[in-house]
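Each chain gets a letter, A, B, C, D, E and F, in the order it is written, and its residues are counted from 1.
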Amino acid sequence: MTETHDDQKHEGAVTALDLGIAEPLSERTQAYFAKCVEKLGLVPNVLLAYAFDEKKLDAFSTFYNELMLADSELSKLDREIIAVVVSAINHCHYCLTAHGAAVRQLSGDPAFAETIAQNWRAAGLDEKRSAMLDFVTKLTERPDTIVEADRQRLRDAGFSNRAIFDIASVAAFFAMSNRVASATDMKPNAAYHGMAR
Amino acid sequence: MTETHDDQKHEGAVTALDLGIAEPLSERTQAYFAKCVEKLGLVPNVLLAYAFDEKKLDAFSTFYNELMLADSELSKLDREIIAVVVSAINHCHYCLTAHGAAVRQLSGDPAFAETIAQNWRAAGLDEKRSAMLDFVTKLTERPDTIVEADRQRLRDAGFSNRAIFDIASVAAFFAMSNRVASATDMKPNAAYHGMAR
Amino acid sequence: MTETHDDQKHEGAVTALDLGIAEPLSERTQAYFAKCVEKLGLVPNVLLAYAFDEKKLDAFSTFYNELMLADSELSKLDREIIAVVVSAINHCHYCLTAHGAAVRQLSGDPAFAETIAQNWRAAGLDEKRSAMLDFVTKLTERPDTIVEADRQRLRDAGFSNRAIFDIASVAAFFAMSNRVASATDMKPNAAYHGMAR
Amino acid sequence: MTETHDDQKHEGAVTALDLGIAEPLSERTQAYFAKCVEKLGLVPNVLLAYAFDEKKLDAFSTFYNELMLADSELSKLDREIIAVVVSAINHCHYCLTAHGAAVRQLSGDPAFAETIAQNWRAAGLDEKRSAMLDFVTKLTERPDTIVEADRQRLRDAGFSNRAIFDIASVAAFFAMSNRVASATDMKPNAAYHGMAR
Amino acid sequence: MTETHDDQKHEGAVTALDLGIAEPLSERTQAYFAKCVEKLGLVPNVLLAYAFDEKKLDAFSTFYNELMLADSELSKLDREIIAVVVSAINHCHYCLTAHGAAVRQLSGDPAFAETIAQNWRAAGLDEKRSAMLDFVTKLTERPDTIVEADRQRLRDAGFSNRAIFDIASVAAFFAMSNRVASATDMKPNAAYHGMAR
Amino acid sequence: MTETHDDQKHEGAVTALDLGIAEPLSERTQAYFAKCVEKLGLVPNVLLAYAFDEKKLDAFSTFYNELMLADSELSKLDREIIAVVVSAINHCHYCLTAHGAAVRQLSGDPAFAETIAQNWRAAGLDEKRSAMLDFVTKLTERPDTIVEADRQRLRDAGFSNRAIFDIASVAAFFAMSNRVASATDMKPNAAYHGMAR
């Protein structure tokens, strides 16, 4: 595994801030990165971007995994779709690349994934997903204007309050992640581009 | 301590989603809440908002504490100022209340804290903080337009790359937290209002 | 009374333009300032900002008083709430400070006043006030898009045409006042901060 | 003179709120309206819009006249140009009609007046006026972002602090007046259209 | 006819790019320009702006004529109204001047034409035209947000799918034409100003 | 060739307006479509969208070809990059799909093409292309604010006035084309997705 991030290091820094990687990496982090390589074939650069400080890396990855991988009424695909929709509004290179790959993989439909990244309104979604993404769009563009009627529209479309929390949490997470990536000029792993095309 | 969140529960749900609190709370969470009461006199409602699922609560609070309390070239006050500036742009009731109190406390200057929440440009800040908040404002309003020149302006103002990462991380975190709060109509603890006036 | 504005003068200019105060002040203006001190404990800096020319000061204060203090279906509190909502959208330091104090005083509820300054949608307002502030928000953000349906929604919420005129006039006044304050970097009197907390 | 506003009344209400005119009009107001007819050939509908309450009418017209007609380093034409530039951004039918006529009259150049109403940047203005209108545009679109550097650019272009106050006051006044007109659907006098073509 | 564009050339370049006119002009173009002079009394400067390359001129004018002059359920007046509404949003000096003249001519109502250029919502239009211009406004300001419901509202207002295509095509054309004119600082023929007043 | 568009017809209409195709198609159009199939392997759906009226189709395709394929200081790749940058701002599904394929093809670099569609600022472009795309972005977002200084920056970066015309023309064309596509829900040919990956 260390070869992997070493290789990536040789390609240059993962962000314009070039903060490097804590040395030596703890066994725990090495094991986590090894698991990434095993599952994805790479260590996502966002993890390397936080790896200058293992505490920050741990905190970020635990938070991220709880959000995107834990049980939820929202499927993993729905969560990745939200990630891509938010990232498209914010024009985030890193997140569109990494989560675009995830939508391709989980949907098995690369053209659908590309449409979501372009404009979800053109993807012919059903009422429930359209309601979800209308909420996500409003929350991304004008969070101050969300009112009870917006939550009620989600309930009317079939979402529980617990699911609304998850929709909000995922959309909000990428409001954050997009900004860390844009602020630091975070570079996605080149390998994402070819995945699941 | 449990009296505290019970009391808060009696006042009504902390969000419009009313997801309740995991029962029974683990000893670890009870101890964490007790520490909050000891230090702040309350359990911040944002923690109760995540407490329907202790894993989410843990992930959120660990991430938050690493960001706002760990060592950084940025003082805790600077981090709270960033929190308030982002929350003012997003008009976030919860975060302006809770982090407004923190700026009052850390600065010892309630009028300054209020000015930051109104418009940081009116606060007579020095060049370094103005550069920091110009970056934060751009990152909040138009993250897609950040370019190397923006980072360079921060370096020219005296920030290291590591400090730029922290500025970006804190600003980005509140892009997230504002949206979770607005999406769920999160209510701040009433006690924040009177703190450090 | 003249001590008061002299003191304020000693603290520095009330705007970045530093236009001074007409000398000698007419007896009429002196009497008006004395009345301000008697009622409010201070001469609002906005009056001192116009006091370089007593005709402008007279015209401004007469217009202001007619708007905010004359009889209206709108209570004085409602007019101050509109002032704060507009000023929050425009992030106006002067007006949020001065009229925030007024909302605290008239409502007797400092936490409510702060919520209005943060995001009125989080204040749990009734239908009538929500309709009023939806109109005020639209008029502030996109005046060109107001159509008859917007006025009709106010009538449906129980406002007369005369009250609609007053809502529009107050909201519009602060579109102006916010801009004079921001353009000149007008400083609010320090004493506002502590009032009615 | 009374014929004039009676005639106008016959054509319908001057705003969608149709608040009528105080009866009987005071002699003072009758004299003021007579003077308008003498000078302009009409009573501007904005005055009739306030004439349901003579105190409001007086306050408005005194404030307006002090702003637009009193001595200033800014010529009357410059003040009317600012009025039109602000009104163009806000797409205000009433103000573009009435003040468009004023720019035609004062400049003697109807094509110039039309260009100002379309996009002042296309009017080939000199540096000083361009600086003035850049400030006016920023103040109209994003008043919260005005900083000392913006005022300094005006000083560098040759404006005194006193002139900056007047630029700000006039621009801010039309931020107000545009909103009263849009909120009430104020109709300009038909006669403005043909003036000074 | 060549006198005409020669005269115009003498007045200066039609754009800030000053690309000149192909020499010699083909007989076909000379005939086209002669026809313009016969019908309009001038060669529109937009044609001279493209005349540095006759192929581009031909392509542009054929496309334009097909759009604005060919048979359509939309009257020529409706098409010119759309042109002016789009150009008002984009504050395009050239197009507001040239197509403002066309609305005056086709409507025979100069005050109506001016109102459309100021804010179409103030023009007292019927439901059908209001629906048309609501669609045009949304398409101009936020094309990404158009959904089937927007098209359906046009059908409900009485437009066929074919007419919707024409509404979209004309509005979209001026999104283009406004940008070519603004990018090049295109100057309208002085004669437009006086037409059909 | 006719099989091709027949097949496409069988897949459903190319726009939500479903205007069909003129019957019989002229030999000229049949030949044009055959050439498309020969060169691209398909008839672009945008052509079928105009094919309900061959005159409109001719006018559109002639204008398009003159713009995108004729001689220019701008390479075909640069023109396609502009197309994608404008379409990304407008979130246009059709144009991002079709012109994204063109950027892949002409650059031979699919990851580069994707970056341009996400956020051109992340693509590591040289000064000249960055200047070009800064101009394109401003022209797309706020055409009214373009001034001579913006053109001068392009000249300083090495563009001739003729090249500036072409930059403006291409950017403006996609301001149009994006809006026709969004207004009609135009569907790109499925085959674009797989091209030049």
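Convention: a residue touches a chain if its C-beta (ideal position, glycine included) is under 8 Å from a C-beta of that chain, and two chains touch if they have at least 3 such contacts.
Please read all numbers here as calculations on a predicted model, not as lab measurements.
**Student:** Check every other chain and keep only those touching both subunit B and subunit E; list them.
**Tutor:** A, C, D, F
**Student:** Going through A-E, B-F or A-B one by one, find the pair whose contacts repeat those of C-D for over half of the pairs by residue number.
**Tutor:** The same interface as C-D is formed by A-B.
**Student:** Between copies subunit A and subunit F, are the contact residues mostly the same numbers or mostly different, with half as the line?
**Tutor:** same
**Student:** From the C-alpha centre of subunit E to that of subunit F, how far is it in Å?
**Tutor:** Distance between chain centres: 22 Å.
**Student:** Just curious, how far off is subunit E from subunit D if you go by their C-alpha centres, in Å?
**Tutor:** Those two chain centres are 29 Å apart.
**Student:** What is the distance in Å between the mean C-alpha positions of subunit C and subunit F?
**Tutor:** Taking the average C-alpha coordinate of subunit C and of subunit F, the gap between them is 51 Å.
**Student:** What parts of subunit A, by residue number, touch at least two of the other chains?
**Tutor:** 91-92, 119, 144, 146, 182, 185
**Student:** Going by the touch definition at the top, which pairs of chains touch each other?
**Tutor:** A-B, A-C, A-E, A-F, B-C, B-D, B-F, C-D, C-E, D-E, D-F, E-F
**Student:** Within the complex, which stretch of subunit A touches subunit F?
**Tutor:** 88, 91-94, 96-97, 100, 110-111, 114-115, 117-119, 122, 182, 185, 190, 193, 197
**Student:** Provide the residue numbers of subunit B that touch subunit A in the complex, in ascending order.
**Tutor:** Residues in contact with subunit A: 16-19, 52, 55-56, 58-60, 62-63, 66-67, 70, 90-92, 135, 139-140, 143-144, 146, 148, 151, 161-162, 164-165, 167-169, 171-173, 175-180, 182-185.
**Student:** So in the complex, the part of subunit E that touches subunit A is made up of which residues?
**Tutor:** So the residues of subunit E in touch with subunit A come to 144-147.
**Student:** For a test of understanding, state which residues of subunit E touch subunit C in their complex under the given definition.
**Tutor:** Result: residues 119, 121 of subunit E touch subunit C.
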